[in-house]
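The two complexes that follow have subunit A in common; it is paired with subunit B in the first and with subunit C in the second.
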Partner chain A sequence: MSATETQAATLLSVQNLSVVYEPTGGEPVHAVSGATFDLGRGDFVGLVGESGSGKSTLGFALTGLSKPPARIGGGSILFNGVDIAGMSHEDLRVQRQGGFAMVLQSGMNALNPVRSIRNHFFDIFAAHGHVGRGDREARAIELVGKVELPAGVLDRFSGELSGGMRQRVSIALALSLEPQLMIFDEPTTALDVLVQHAVMNTIRELQKSEGFTAVLISHDLGMVLEVTERVMVMHNGLIVEDRPAADVLVSPQHPYTRMLLSHYGDPRAEIVEVPGLAARGAKRAPAVSHLKTDFVPVSDEARARAAGTEGVQRREGRAAREAIVVSGVSKVYPPPRRGEKPVRAVNDVSFTLEPGASMALVGASGSGKSTIAKMITGVEHPTSGTITFGDLQVDRIKRRSLKRLHTEVQMVFQDPYSALNPLHTVEYTLTRPIVNFGGLRGRDARRRMLELLETVGLTPVEQFAARLPHQLSGGQRQRVVIARALASDPQVIIADEPVSMLDVSLRAGVLALLDSLRETWGVSMLYITHDLLSARLVTDQIMVLNQGAVVEEGATASVLQNPRDEYTIRLLDAIPHPTVGH
Partner chain B sequence: MTLTDKSPDQKPMTDVAGPAHPLAVLWRAVTTIWSVPKARIGVVMLGIFILGAVFAPLIAPYDPTANDFGRSEDMTAAHLLGTTAAGQDVLSQIIHGARVSVFVGFVAGLFSTIIAVLIGLSWGYLRNVTADVINFIVNLFLVIPALPLMIVIAAYLQNGGIGMIILVVVITGWAWGARVLRSQTQSLRSRDFVTAAIFSGESSFRIVFREILPNMTSLIVGSFFGAATAAILAEAGLSFLGLGDSTTISWGTMLFWAQNSNALLTGQWILLFAPGLCISLLATSLSLINFGVDGLSNPRLREGAKR
Partner chain C sequence: MRFVFTKLGLLLLTLWAAVTLNFLLPRLMPGSPADAALAKLAQNGPVSPATRAAVEAQLGVPTGSMFDQYLQYLGNVATFDFGVSYTFFPQPVAGLVAAALPWTLVLVGLVTIIAFIFGTLLGVLAAWKRGTWLDTLPTVGGTFASAFPYFWTALLLLFFLGYVAGWFPTSGAYGRGTTPEFSVEFLLDAIYHAILPATTILITSLGGWILGMRSTMINTLGDDYVTFAEANGLRPRTVAIRYAARNAILPNLTSFGLALGGVVGGSLLVERVFAYPGVGYLLYTAVTNQDFPLMQALFLIITISVLLANFIVDILYGILDPRTRR
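== the complex of A and B ==
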C-alpha cells in the first residue's frame, strides 16, 4: 500500500455498467443494468440484495471474472483510471497483484486438498514474483497472522482445518497480493453463526489496519449495516439505494430497503414483530390464536372449505394427543479416524414435547440439534436413553413400524432445493404420502392434494400442481415441502432450519404459515434453528444446546430476555444487529 | 447465481408445463443428442447400419449363402468386393452381417444394462449384509478377465449360435455398469428428497425405481451404449475365434473364414479389411452417440446440485 497519497482519491469508478446473461438457446437476461458508482480509497462498502438481485454478478464484473454466458453489455469500469471492462485475461491476471482480489463464499473449498497451506502461499508468490525467495516463509507467517491464525497452520492441509479457518486462509491468500480493492462475496454465509461473527470482525479490523478498499456482498442487510460505512442496495439488477450506512438505517429511501429492514428485530426485546408475523408477548398461553388478520396464506375461505371435508374433520378428532418424551438420550458416533476419540454428538438430553406445544431447539452447527431430530423421527437410533411417542418406542424402532411413526411425526427439511425430486411434479410429490398414509385413491387423492396446496397458500392450485420444482421459487418450494409434511395429518412436525436457505423477505411468510398451521391444526412443532429471532417469533419454549448437552431451557421469551448461560449470550451477541453500526 | 429466482412468489404463470408425455421426453432426449455434432455423426452412421440391416435382403445383390460363384475372385463389377474362398459374394455377406452385429449389440446391451440397473441400484441403496454379498459377487466378475471367461463359457456351450453369444456377453458384461450405477445411487441416496420419500411412507422399491432411477437416465443410457459397443466387439471376437455358429453370416464369422482360407496370403486383403472396418465403424458410431449422452445429463439435476 504505497504512494496512495499521490494518486487520486477515487480508486474505482463504475459508469453505467450493465451485465447480460446470454444462455445458449435462451432469452438474454439483464442481471445488472445501469450501475453507476465510485469507490474511494479505503472505503468499506456493502452491497446488499436478495438472490437474483445481481449483486454477485456485479462483484464478478468488477474483478473481471465474468464468465460466459455472462457478458459485460456496456459501460466502463475505471480502476485507477484504467478501463478494465475490455481487458484481456492475461492483462487482468497481472493486475491482480496490487490490484484487486476476491474472496468467495465457497472460497474455503477452493483450497487444494493435497497441497499444504504453505504451498498455496508459495504458489501465489511464485506466480507473481513480488516476494523474494528468502522472504516467502516470513511473509506467509505474517499473512496468516493477520487473519489471526497461528504459523503452524502453514504445515496443515485444508482437510485438517475447520470451515472458519479455511475461510481465513483464503482471505490471507487474497491479501498476499496486496490488493487495493478486495471484494468479499458472502464471505461468512457458509459458516456457523458464532464463527461468522468472528470472521466478520477479522475482516473489519483488517480493512482498518491494511487500508484497502473493500466491497462486502451479502444478503444480510443487518450484518452489512453493522460493519460497513456505505451501503448499496440492489433489487432486480438496479442499485436502488446508495447512501451512508447510518442514513440507510435511520431513513431508508427506497421501499425495498424499508422492507428488508423491517425483517430485523431484537429477540431480546419485550415485543418482537416482523411484517406478516404477529407479535408474541412474553407470556403466551398455548392454543390461543394470536394471528392477526393481515396474515394471508391461509384464507378464511380456504379454511372453511377445508373444514367441510372429511380429512379435516378427522384431524379435529385427533389434534395432537401424544407427547414425544425424550429421556436421557445420548448418541455416540464411531471415531472419524483410527486412534481418535468417538464423537459424542448428543449427551444425556431429556425433554418432553407436549401435544400442541411449540418448542425451539437452538444451537450452533455441531451442537447436536439435527441429530436429535433424526433420532426423534427414527432415522437414527440413540446409543442410550429412550424416546417414546404414544405407545411407540422410537429409540428401537424397526423399519416396518417407521411408516406408523411417520404418519404422526413429519419433517420439514432445511434445503427446499434438494428436498424435492427435480423430476416429479408437485402433484406427484404430494399425492404419494396421501396414497401411502391416507389410503385415498384417484379423485379423492387429487382433491386432498389440491386442498393441501390451498392450505399452504399456493394458488391457483391447479397450476401449481402441474409444476416441476425448478419452476418454483425457493419460498414456493418450501411451501410444497410443508404441504407434503401435512399430507399424512401428523401430530408432530419437526422443522429443521426451515427458513435458513430462504431470502429474508420470504422467511416471514413461511414462518407465519408454520405458526398458523400449528394453531389451526393443533400440531406440536419442534423448531430447530440457529436463528434466535425466528425462534422467538414462532415458539413458546426453548432449549439451548451446546456440544450435545442442554445448557439452558425455559419459556422462549424469558430465556432470550434473561439468558443465564454464557453460550446463550454468545449466540445472542452473534446476531447481526443494524442498530449497533457506526 | 439464481437467475431463475428473480422475483420469488411472483413468477409468471405462463411457463407452466403439464406432466411430460413419455414420447415428449423421448423426443427431447433425441433432440438433445442431435444437438451435439459428434453425436449427430454417430446417429447418422448408426442409422445407415440399422437401415442396411433391416433392408439387407433388398439391398444385397446376391444371396449371402449362395456359393455358386467363382472362388476367391478379385473385385469386379459383378462382385464389388470379390468372392470368398467358398465362392460367396462378399458385399452381400457384409450387408447381411450387419443384422447379426446390430441385433447382438442391442439385445445384449439391453440385457446387460437391465441387469446392471437392477443390481447396481439395489446394491447402492441397501446398507445391510445383502450389499456385502452383492459386492463380493460383482468384484468376482470384475476381477475375472472377460475374454478368457467368454471363451470358456462359449466353448462349454458348444456352437449355440446367436442366443449363446448374447448370453455369454451378458454374463460377462454387466458388472462394470453395475459398479458405476451403484456409486451414483449412493450419492443420490443421501439427498434430502430420498429421506423425504421415506417420510412419505414410500417402499424401498419405489424409492429406488421412482425417485432415484429417473435421476440417472443419462448414466443408464450411456451405460447402454457402452455395453452395446462391448457386445458387438465380443460377438465379433467370439465368432472370429470360431466359437460361434460358423454357418451364420456375421462379420466375425467372415473374419474367421477369411483367416481360415489365408485370405491375406492370397492377396484378398478386402476379406479381412471390410468386416473389420464395419465392426469398428459400428462401435465408433455408438461411442460418438455417447458424447451426446454426456450432454444429456439433466439440467434440472444440475440445478439441484448447485447452491
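== the complex of A and C ==
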C-alpha cells in the first residue's frame, strides 16, 4: 500500500476480495467485501474487529481454508504473485509447506486427542516430505524448543497438556511448515491472563527470529496495538481503517475505531472511565465520555438508567440489609488421581460483603474465585470455616433452607450462550423464578416479568418476552440472565465474569446495568473477574486471590494504583494496553 | 498395563456377581421343578408319595445348607457341570450348549463384526463425500433396508431365494446327509447353509452402522483439529482416516459392544426362522419345554457373553483412546 514498498517486498496482495456465506435455504450474506491490502515481507499486522465483523472469515480465506457455506465470491489473493483464490485443493495443499500457515482461535481443540504430539509433527513431515525420515525426531524437538517446550512433550497427548502448552504446540506445528505467512486467529483468547501474556511474547519473539510475515486476528484492540506495527480494523465485513499502529492510537480516523479505543482504560490511572460508566466516586454527570461515542446507543441508554431515570423501583423494604460473612473458609478437593496430593482450592479466606457494597474477587483461573462463589450459593460446602448470611448458616445449609438462600443470593453466569435454555422463551425463563420464589401467579407474574425486562433495558418488553434465546444478541442474552437473577428480588448478586464473553462495545452497557442495580435497588454485588479494568469500574473493594489465598485486599482504586503484592503487579502488567506501545 | 488388570478385575467381579445371581434367583422363586413335574402328573390322577420321591430323586433335590449348595454350585460351574437336560434326557446340558455355541458364534458373531466394519467404512465414506452419490446411496439404502423387521426380511429371502428360486437351503446348518467334520466339503456345505441367515443379519444391521458412523464423522469433520490438519496441508486421506474417522469411531464402539454382547442372546429369532442349530434355537426349545437346567445354563452363557463383549470393548477403548488409559 505504501509507496516505499517495492514489488519484490510484497508477499501478499489482496485485491477486492469478497467472501460470501451461502447457507442452504438462506439468503447469501457478504461476510467480507472489497478487501484490498498488501502485506510486505516481515510485516506484523493486526486485524481487529468484534464478533461478526468478518475478520476470521478473511483469515480463513487468506489461507485457502474457506469451506462451504463460505465461498470466495470475487477478487484475488496474490501470494508471491500467484493467485491462490481459485486454486484447486491439491495445489493449495502443496503450497502450504513454505507458504502460509494458520494458528486457530480455539487452539485448545486444535490437536487430535488420540494422536501423540510427535505424530502430529510426523504427519506434517510425511505430507510434504520436506524433512527426511532420519531428521524428523531432531526437527520436532527443535520446533518444540522454539516455543519453549521440553522434548518430552512429544510423547504426550493433547489431553495431558495445559491450554498454554497446547497453543504452543499448535504454533510449533504451524512453524514446522516453514511458512512465509503466519495467520494467528485469536491465539490467546481462551487462555488465562498471565499465560496469554507469555504466549503472546513467544509469538513476538518468533516473528522476529524466524522473520515470517504475521497477521494477528483479535477482538482485543489493546493487545493488537501493543504487539503489531500496522492495524486493520474490520466492521461489518469492511476494512474501515488500515494504518500504522501508532497513528491509530493517536488519531483514529473511523468512528468505529474511536469507539473501540474509548473502551480501553488503565486500571492504574487516577480516574478511570469508559463511555457509559463514570469514574467511581465521581459525580455522575450526564456526559462522562471523554471521547464522543455516538456509535453505541446502548451505553446512552445504560447511562440514563444508571442515573435512575427509568426502570422499576424495588419492592418496599427489600433493600439489602444482611451481610455475607465469610470467615476462615477453606475448600479441599480429593486428589484428582490416586497417589496425588489433595487440591486446596481455597485456603483460609475471610471477608465481609456489607449490604449494598460491591466487591471484586480477582484472580487468574484456578485461583479459587469460582469455588468461593459456589460455597456462598450453597452449591459446595467448605471443608472448614463458616459462611453466614443473616441468620443462615450457609456452610452447613440443608436442602430446606437452600430455597431461602437462593431467594436472597442469585448468580449471573459467565456464558450467556449456555445459561439460557434454547427451547424456552424469555417469558418462560423469567416467569419460573417469579413463580417459584416470589409466589406470584398468572397476571401478577406476567406483570412482574415485564417489569424485570424493563429494568434490564430490553424494550419494547412485549416483543422481547416472546423471543427465544437464539433471537437475541450476546448482550441481550446477558441482560435476560441478569433479569432472571433479579426475579427473586435478591439482596446479593454474584456476577461470575458477566462480560468476558461479550464484545467490548457491549460490555460497558452490561456493567452499567449491574452498577445501576446496586444504586437504585440497593443490591450488594460480588463481582468475580480476571479483568482488572472492569473491576475498577464497578467495584469499591477488591480482593486478589492467588492459588486459593487472598494476597491483597482493600479499596479497589488504591489497591490497583499502589499494588503491593507481586502477583497483583504481574496481573496488572499482563493487561495489554494501547498507550504502552512497543 | 494396569488399565487391563483393573478391567480384568472388574470382569471377574461382575462374573462372580452374575453366577451368584444365577444361583439365587431360581431358589427365590416359589415351588421347585419337582412340584412342576408333579403338578403335571396330578392332572391324570393322584400322585403317590413314592412317585414324588422318584421324581425328586430323578431331578436331584438339593441337600445341605444354602451355603453348601452355593459352594457345590460354584464347583459345578467351574467344571461346566450344568446337570442333565429334561428335554434331551439323559444328555448333559454342557454337551448340548457346547454343540450349539460354535454355530451361533460363527454365524451371528462373525456377521456382526463384518457388518460393523463394513458399515463403519461406508459411513466414513458417506461423511467424507457428503452430498455425492457415495453419501446418498448407502444412507438411503441403509435406512430403507434396516427399516424392515428382521423376521420379515428373513421370510422374504427364504421365500424367494430359498423356496421359489431354490438356490439356497431353507433350514439347518448343513445338509441332511452330512455329519459335522473338518473337511472341505462339509465347510462349503456349512457356508452354503449360512448364506441366507447371514445376509438377513447383514441387511438389517448394516444401515444402523452406516448412519451412526456418518453422523459422528460429520461432527468430527467440523472439529478444530480437522481444520488445523487441513491448514497444515496433510493429505486428504490422512485427515479423513487418522484425524476424523479415528475419533468418530469412539462413540460407536459402545454400540458395537452392545451388539456383540447381544449376539448369543439375540440370535433366537434368526435361528428360529432358519431352523439353525445354535444357542438361540436351543433356548427356544428349552423355554417351550420348561427345561430348567438347560435354561439356567443358557442364561449364564448369555450373561458371560455380554460381560466378555464389554470387556473386549473396554480394552479396545484403551487401545484407541489415550484418555481412557489413565
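In this section, the second predicted complex is superposed on the first by the 538 of 582 C-alpha atoms of A that agree within 3 Å, B and C clash if a C-alpha of one lies under 4 Å from a C-alpha of the other, contacts with A are read in each partner's own complex, and residues count from 1 in each chain.
Keep this in mind: a contact is a pair of C-beta atoms (placed from the backbone, for glycine too) under 8 Å apart; a residue touches a chain by one contact, two chains touch by 3 or more.
These numbers were taken from a predicted model, which means no experiment stands behind them.
When the two complexes are overlaid on their common chain A, residue A:S51 makes contact with subunit B while staying clear of subunit C. Of the two partner chains, subunit B is the only one touched by A:H470; subunit C is not.
When the two complexes are overlaid on their common chain A, residue A:R204 makes contact with neither subunit B nor subunit C.
After superposition on the shared chain, subunit A has more residues touched by B, the comparison being subunit B against subunit C. Shared-chain residue A:A127: touches subunit C; no touch with subunit B.
By the touch criterion defined above, A:R243 reaches neither subunit B nor subunit C. In the overlay built on the shared chain, the residue A:V481 is in contact with subunit B alone; subunit C does not reach it.
Once the two complexes are laid over each other on the shared chain, residue contacts for A:L420 go to subunit B alone; subunit C is not touched. By the touch criterion defined above, A:Y21 reaches subunit B but does not reach subunit C.
Subunit A uses no single residue to touch subunit B in one structure and subunit C in the other. Subunit A contributes residues 21, 29, 31, 50-52, 56-57, 236, 377, 379, 402-403, 406-407, 410-411, 413-415, 417-425, 427-429, 432-433, 436-437, 460, 463, 466-476, 481, 484-485, 487-488, 503, 505-506, 509 to its touches with subunit B in the complex. Listing the residues of subunit A that touch subunit C in their complex gives 63, 65, 67, 89, 92-97, 101-102, 104-107, 109-116, 123-124, 126-128, 157, 159, 170, 173-174, 176-177, 337.
Subunit B contributes residues 1-9, 11, 13, 15-19, 191-193, 195-202, 211, 214-215, 298, 300-301, 303-304, 306-307 to its touches with subunit A in the complex.
For subunit C in complex with subunit A, the residues that touch the partner chain are 223-225, 227-236, 238, 242-243, 246-247, 250, 320-323, 326.
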